[in-house]
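Report on one structure; see the data block that follows.
Labels for the chains are A, B and C, by order of writing; each one numbers its residues from 1.
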Amino acid sequence: MHSEARPPLALTLGAVLGLLFLHLPILLIFLYAFTTEDRSYQFPPPDLTTKWFGVAWNRADIWPPLYLSLRVAAISSGLALVLGTLCAAAMARARFFGRDTISLLVVLPIALPGIITGMSLRSAFAIADIPFSTWTIVLGHATFCVVIVYNNAVARFRRLGASMLEASADLGANSFQTFRHVILPNLGSALLAGGMLAFALSFDEVIVTTFTAGQQSTLPIWMLNELVRPRQRPVTNVVAIVVFSATFLPILAAYYLTRSGEETAGGGK
Amino acid sequence: MTAAVEFHNVSRHFGTVRAVDRVDLAIDEGSFFAMLGPSGSGKTTCLRLISGFEKPTTGSIRIFGEDMGDVPPNRRHVNTVFQDYALFPHMNVRDNVAYGLMVKGVERRTRHERAEELLSLVKLDGFGERKPAQLSGGQRQRVALARALVNEPRVLLLDEPLGALDLKLREAMQDELKALQRRLGITFVFVTHDQGEALSMADRVAVFNDGRIAQVGTPSDVYDRPATRFVADFVGSSNVLPPDLTRSFGGPRLWASLRPESIRFTGASDPKAKGRVTALRYLGSGTRVALETGGQEIAVLVPAGAPVPDIGEVSGLTWDPAALHLMEDA
Amino acid sequence: MDSAHPSRGVADRLTGVFWSRPKLLTALLIAPPLLWLGVVYVGSLAALLLQSFYSIDEFSGVVVPEFTLKTYAELLRPSNFDVIVRTVTMAAAVTLASVAVAFPIAFFAARYARGRWKALFYLGVMLPLWSSYLVKVYAWKLILAKEGIVTWAAEGIGAGNVLGAVLAIPVIGGNSLSTSYIGTFLVFVYVWLPYMILPMQAALERVPGSLLEASADLGAGGWRTFRSVILPLALPGIIAGSIFTFSLTLGDYIIPQIIGSSRFFIGQAVYSLQGTAGNIPLAAAFAVVPIVIMLIYLAVARKMGAFDAL
C-alpha cells in the first residue's frame, strides 16, 4: 500500500477475479439458450441449436406476461417520473420542516427488503378488500421507483443552482416559462435516465410483485414459475435473455446520459 | 424628480439575523451607484430586494415612485448581472441574450437582430452561435451584460460584476462599464467589496456595515470625510485615531481620521506630534513610513524624492489643522 | 413612465401568487409525492403492523380483527424461531464474505484505477447491480446444478472427490450445490456484492493518498497500514454496505427457494404463510422481524459512529 502507481499483484488479482465473478455467470444464460438438452442443465451442452428462439416465439403463454410487464413498467415509471420530479423540485426550493423525514420516506421503499413492501401492500389490500389487478402491481412498483427518479433529478437540480432560475425570472419569465425553457431542458437527460432506470427496475421486479399480483403473471413471475417447475428449459433462457436486455440496455443508456455530471445514474439502487 | 430606487425604512430578517436593518436610501435616476461593504454587511440583500428575489420584512421599496410590494421579479423594469453570470448552459449566446425578448413573445427574427445589436454593443460580434461553456470568463460577463440589457431596463443591477475577473481585465472592464452607463443613461446599481472599484466607478457610494448604511455620499465624501470609524477603516488606508490620541494631536476628545498623505515630517522645535519610525515600505510612487506614537501606530506617506527618515529615528510630525477629520464612534 | 410590466394573464398572476407566498408553491409541489408515499406506503406499513397484531381463528381459518400478542408469541415456537436464527446467521455470513470479496475491487477502483479503467470498473460494478435479479439467480441455478459446470469442472481437474467431501459436510452440505446452504450462500454473496462495493469504494475514495504515504513513511508495513489506517477509514463504507447486504438477505425469499435446501428462511415463511396457508397475521408478524432487526442494527451502527463519515 505504498505510494507507487503500480498496485500490488495480489490486489490486482483479487480485483480482476472479483469482477469476473460478477460477470461470467451471466454468459451461461446465453450459452444454455442454444443447448439441445432441455431436461437438465447438463454441461457441456451435448449440441447447439437455435430452434428455442422459434419455440419461445410460438409459446402462447409467454406473450401475456410480457405485455403485462411492459404495461406495468410503463405506467409505473411514468408515475414515478411525475412524483419523483415534483419531490426533487420541492426539496431543491427550500429548507423546510420535515425535509429529512421526506427524504427518508422516499428512500425507505427501496432500502427495506422488498418482502416488507410486498407484505405491507398485501396486508393493506386484505384490510381494505382491494382485489388484485394491474393497478395493485403498479401501486407497489411506482412506490419504489420514485426514489430512482428522485435521486437523478435532485442531483441535477443542485447543479442547476438558484441563480439560473432567478436569472430567468429577472428577464421577465413567469414560473411556467422558467419551467419550460430553463428547468426542463436542463433536467431532461437526468429525467430520461431516471425514467429508464425506473422502467428497468419495474420490468424486472419479482419480490414485491408476487405479493401484489394475485393470479396475474408478469414476465419475471412466469420465469420464477419455470425455475420452480421447469419445462423446455432453454426457452426460459431465451426469455431470460430478453429480460436481461430489457434491463441492461436502459442502464447503459442512462449511464451515458448522465456520465458528464458528477452524479452518475444508478448509485441509488 | 423622483428617485430611481427608494428604500423606506426597509428591514430584511432571516430568522434572528437582521441582514438589512432599517435602511433608508434614494438612488438618483441616471446615476452610477455603488453599494460597498464587507461580506455579510447587507449590500447583496439590498440588491436582491430591488430585483425582487427578497421581500422586505418591514418597510417599502419604490422604483420610479411605484411601490414594489406586489410586483414579482419578472414584472419589474429592473435587470440583473449575476455574480456567477447565471448564463443558461443549454442555449447558445444569441438565445441567452434574446431570452428576455423570447419570453415576452417577440418573434424570432426581431429578437435575433436585437441580440446581435447588443452583442455588438459589448464587443462580441460573431459569438452568437457559441455555447457559454466555450467562452472565457470576461466574455461570459459581457454576455451576461448584454442579456440583462436586452429588455431595456430602467435600472441595471450588478452583483460583484468584476469579482471573477483577473486584475488587468477588471481594470479594463471598469472603464468600459462606466462608458456604457454614460452612453445608455440608465441607472446602474452595483455591489462590491472592493473600495477601489467603488470609488473609481461610482457617482455615489453607500457604505454598508452590519445591515445598516454607515454613510452615503460621493467617493470623495466617503474617502476624505468618513462619517464613522468603520468607514474610515474600510475605505482606504487612513489613520484612525482614538479619542485620546486625537486630543494629544490638538483636537477634541473624539475619534478622528488623518490621511497618511496629509502628514509631513518637520524639523521644527514644537511639532504637533512625535513618533519613532518602526517600518518603511517602498511603494514606487512614494514611501510609506510607519511610526509609533502614544502607543499607537500611524502611517505617513512620503512622496518620491522627499527625504525619508531611518528606522528607529524619532521625528516630528505636522499637518494642516483641517486634515484632522472628526468622526462618530461606530 | 412605467416601472413594472403589466400582468399578462393567468400564468403571470400565478407567478405573482407563488412569489408572494413561496411556501404555497413548495406545498403544491410536495403534496402529490407526499400523499402517494403517505397513503400507499406508510398506510401499507401501518396495515402490516395492524395485521401482525391480529390473529387467525384456528378452526375456521378466518382472521380475527382483534388486538392480540398471540401471533407474535407464535414466532417464538421452535420451528418458527429456527427460521429466524437461520436467516440471521446467513445474513451475517453473507455480509462478512461480501466485505472480503468486495475489498480488493473497491480498493483497486478507488486508488489505482484512472480514466478509462475507472469507467470500466464503475460499469463493471453498476451493470451487475442493475441487471435482472432473476436472471442472475437463474445463472447460478445453471452453474450449481448437479450436472452443471461446477461438477464438470471439478471432475475435469480430478477434484470430484473434493466437491463430494464438501457436500458431505453436515448441515451446510447436501445432495448437490444447488440444494445446499453453500449454494444459497454463494448466490447471496454474488447478488448483493455490488451493494457492498459501491459504498466501500466511495469511503476509500475519501481517504487522502497522503495519509497512506504518511503511514508508510512512519515505517508501517503493508499489513499494519491496512489494519490501522485503511480499515478504520473504510469502516463507514463497510457499515453502509453491510446495511444493504444484511437487510437484503433478511428479506429475500427467491434465492433460498430456487437454490437451497427445503428449510425456510424468513422471506419464504412470509410468502407461504400469506399465500397457501392464508395466515396473513403470522406472515405480517414474520415481516416485522427484519424491520426490528434492521432497526437494532442501525442503532448499533449509529452508536459506533458509522454515520458520522457518511
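List of remarks:
Operating definition for what follows: contacts are C-beta pairs under 8 Å (C-beta built on N, C-alpha and C of every residue); 3 or more make two chains touch, one makes a residue touch a chain.
Values in this document were obtained by computation on a predicted structure and should not be read as measured data.
In terms of which chains touch, the assembly is arranged so that all chains touch all other chains.
By number of C-beta pairs in contact, A-B leads over the other of A-B and B-C. Centres computed as Cα averages put subunit A at a distance of 15 Å from subunit C. The distance from the centre of subunit A to the centre of subunit B, each centre being the mean of the chain's C-alpha atoms, comes to 54 Å.
Put simply, the C-alpha centre of subunit B and that of subunit C have 57 angstrom between them. Residues of subunit C in contact with at least two other chains: 5, 12, 15. For subunit B, residues that reach two or more other chains under the stated contact definition are 52, 72-75.
Each of the following residues of subunit A touches two or more other chains: 169, 172, 174, 177. Of all residues in subunit C, only 1-7, 12, 15-16, 19-20 touch subunit B in the complex they form.
Across the interface of their complex, subunit C is touched by residues 52, 55, 63-66, 68, 70-77, 154 of subunit B. Taken together, the subunit A residues at the contact with subunit B in this complex read 161, 163-164, 166-174, 177, 181-182, 185-186.
Within the complex formed with subunit A, the subunit C residues making contact are 5, 8, 11-12, 14-15, 18, 22-23, 25-26, 29-30, 32-34, 36-38, 40-45, 47-48, 50-51, 63, 101-105, 107-109, 111-112, 119, 121-143, 145, 147-149, 151-152, 190, 193-194, 198, 209, 212-213, 215-216, 222, 225-226, 230, 243, 247-248, 250-254, 257-258, 266-267, 270-271, 274, 280, 283-284, 287, 290-291, 294. By the touch rule above, subunit A contacts subunit C in their complex via residues 1-3, 5, 7-8, 10-15, 18-19, 21-23, 25-26, 28-29, 32, 40-44, 82-84, 86-87, 89-91, 93-94, 96, 102, 105-106, 108-109, 111-117, 119-124, 126-128, 139, 142-143, 146, 169, 172, 174-177, 197, 200-201, 204-207, 210-211, 220, 223-224, 227-228, 236-237, 240, 243-244, 246-248, 251-252, 255, 259, 264, 266-267, 269.
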